[in-house]
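Look for subunit A in each of the two complexes below; its partner is subunit B in the first and subunit C in the second.
This part shows the complex of A and B:
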């Protein structure tokens, strides 16, 4: 007897094959049978009402490392149909990490992910140092499946301590890092992440950026023992540097027999030739036998911020970051101090911030007057006879700092071009950053956006292609065992959704982080049920009590 | 499969200075001129980075101008 049969389904199995009207049976957490008609009894039945029944979506680029310790569903990812996530990207993870080194890594998480400091002190009991301990802490309450990467910066800190972001490693230290990485992989890490762009809370490059190529090569030799993934963040703002990184990845992939991936890849009007150059270089390297997967996200990056809290928008302006990271009273004191403000304006560039900030649009905010909404900062600054940077500060001060500005269309800025790029067989859909940049934009709902914009909208992908891209193909690229397909024997990670409705909801702020910390989120639209390892985890009525998530096993 | 020609680059050696890197990468060029060229071809290190010019072990350092 089956545990569950889903009937009246439009089965989209994750292979890219045509959908068919049929049924899917589940037993013991796995797909037991599927086809036009499944014979046999079941303890429970679900009528899909003719909606799509597909493998649960897999999000390959997230930063839920910390949130998972108090929220095993990685909300709201699960309600968008995501049943497996890959955290630990961009050189950062929560292990291995000695207690004495926590402040340094917390600083990096706060800078890169915009997590409130209370996230590290109020929400979980930090008992572990090594990977095995972190894994045990994670496993206590997972509702979603997790395939975690271990971060290169963190491994460096473990071996080199405070000198991790000061210098190159000695040969003995590189050997020690290899040993640590091997232990992490044996304890459940699925690969290694590194970064060539990120900075810490003091705007200093993160430790991984101090590594020589020989160090990365040595770590990839360990990845080769397991056939595991290397993920990098390249200098995505420059095509020449990104191509150089692709060539480095190809060398490592061929030498050690490992898959590699780089993220993000953007397409915008300012550098229209870049994306083709980058993807063509990856294609050349694929033709040589290297595995160098470009990760491209589906949505543009629309950053919203106010001066009430630090934002990714100011990442390259250390003076602004230092001021905005202060407690509110001290922050306002700094923003009213002429000397400090002069330095901040200077920091914004010789044009007073016009290039960087002029196109910002006032989005609103609790205290913002209606007449400002929709105006650009340049328009406001011109009317006030001020530089853009000074106008931003003064308008914010005049309204209790609660004026929200929107920096629209970062990353992608041309939807018509994105669909065909996402449809390329050598492009990996991902780079969504779930769980990161909390106070700047919502990193959820990219899967819904894929269907609304590029399946129903531009028609660049069929329903079956889009599903395969974020399920079966993702599992294959990463080597996730028995996930990503509706296939007998595979894990029963299933999403039921309405292909005519699935989308992302409107971005909205919520205060559900520890210490009433704020983040932007999006509700799901058109998702009707989500099962994780055969258990119903979410319906539009809300989350269930199921805690069926697992640390993912790897194939091979 | 032949790879198309892309911009040549080097990566810094441990504790390598700009002077040493320029001498290594452009051996036939006068040192001051070599350093100026390296600076001009690598604005991601010598203009955009704070502190400017901090060489990191993981850096890509171009040793020729952008290809046309």
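This part shows the complex of A and C:
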């Protein structure tokens, strides 16, 4: 007898094969059978109502390392249909980490994830130092599957202490790092992450950036013993340096027999040739036999700013640049000086800044009153009988300058261009950064956006292709065992969704971080049920009590 | 305002506000280098303001025509 049969389903199995009307049976947390008709009885049945039934989505680039310690569902990822996540990216993980080194690593996490300090002091008991201990702490309450990377920066800190972000490693230290990495991989880490870009809370380079190539090469030799992934953040702001990193990754991939991936890759109108050059270089390296996976995000990039800090959003406007570069006290004085403000408004153009600023959206979460959140500056300016530029200044002043404005779709926003890039067989959809940039923008719902914009919208991908991209192909790229496909014997990670509705909800602020910390989030749209290892984890009625998440096992 | 360029040296042809990966506004400069290659250079928020200051530019538009060495000098500060 099955535990569950999902009937009346449009089965999309994660291979890219055509969907079919059928049924999916689950037993002991695994897919037991599927086909047009599954014979046999079940303890429970679910009527999918003709909706899509697919493998749970896999998010290959997240920073949920800390959140998972008090929120085993990595909310809101699970409700978007994501059943497996890969944290530990960008050289940072929560282990191995000695108690004395915690402050340094906390600083790095706060910089990248924008977590409040209370997240590290109130929300969990810090019971571990090595990877095995972290794994045990993590496993206690997982509702989502986790395939964690170990961070190069923390391995450096473990071996080199305070000198980790000061110098290159000696040969004996490199050998020690190899040993630490090996222990982590044996204890469940699925690969190594490193970064050539990130900085700590003092704007100093993170430790991994002090590594010379010999160190990375030695660590990749250990990855080669296990056939595991190297993830890097290259100097993505420069196409030529990124291409040099692709070549470097290709050499490491070929020499050690490992897959590699780099992120982010995104498109901007101002650098139109860059993304093609980067992807084509990866393709050339694939043709040589190397595995160098570019990770491209689905969502566009928004610019977010307040007048608390100078933003280059105003770089077109000389008088705004002059005022906003002043120290805070002087800046406020200038913004309250009628003559200065009049010149700033004049600077914004004859339309009072409507063209440049009118579509800015006031975000909630700062000191801005809730009734302004979500409104455009044009709407607010019209209601106040002011120009957009004046409204921006006065609304900011009325709330201590702590009013965040959003300029939507500032980059990576040309769906006609990006769809075919996402559809390329040598492009890995990811780079979503779930759990990071908490106070800047929502890093959730990229999977819904994939379907709403690139399947239903531009049609760049079929439903089956899109599902395969974020399930079966992702599991294969990373080597996740028995994940990503609706196939007998595979884990019963299942999402039921309406292909005609699935999308990401509007961005909104919530105060659900420890210490009532704020983050931006998005609700899911069109997702109807999520099962993790055969247990119902989420429905539109909310999260269940199921804690069926696991640390993912690796193939081979 | 235009900088005093030496014949043949690298020069900024233009500058545009762009969206950075982390949600910050950035400046993308178009630079013509000494060998004739024209390529984009992306500056993050801090570097962008440093470049504006180093070039005495009041806005992004005034970076056009500035010698690249002046931007570099600003970034090295």
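We adopt the following convention: the second predicted complex is superposed on the first by the 454 of 556 C-alpha atoms of A that agree within 3 Å, B and C clash if a C-alpha of one lies under 4 Å from a C-alpha of the other, contacts with A are read in each partner's own complex, and residues count from 1 in each chain.
In this section, a contact is a pair of C-beta atoms (placed from the backbone, for glycine too) under 8 Å apart; a residue touches a chain by one contact, two chains touch by 3 or more.
Keep in mind that what you see is a predicted model, and the values were worked out from it rather than measured.
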Partner chain in contact with A:281 - subunit B first, subunit C second, else both or neither: first
Touching partner for A:205 - first (subunit B), second (subunit C), both, neither: first
First, second, both or neither for A:196, with subunit B first and subunit C second: first
Which superposed partner A:318 touches (first subunit B, second subunit C, both, neither): both
Subunit B versus subunit C as contact partner of A:271, first or second or both or neither: second
Subunit B versus subunit C as contact partner of A:304, first or second or both or neither: second
Which of subunit B and subunit C A:240 touches, first, second, both or neither: both
Touching partner for A:440 - first (subunit B), second (subunit C), both, neither: second
Interface residues of subunit A shared between complexes with subunit B and subunit C: 238, 240, 316, 318
Contact footprint of subunit B on subunit A as seen in their complex: 167-168, 194, 196, 203, 205, 208-213, 215-216, 235, 238, 240-241, 243-245, 247, 280-281, 284-285, 287-288, 316, 318
Contacting residues of subunit A [partner subunit C, same complex]: 236-240, 264, 266, 268, 270-271, 274, 301-305, 310-313, 315-319, 321-322, 325, 407, 410-412, 437, 440-441
Touching residues (chain side subunit C, partner subunit A) in the complex: 15-28, 39-42, 44-45, 48-49, 52-53, 58-62
Sites on subunit B touched by subunit A in the complex: 1, 3-4, 6-7, 9, 11-15, 44, 48, 50, 54, 56-60, 62, 66
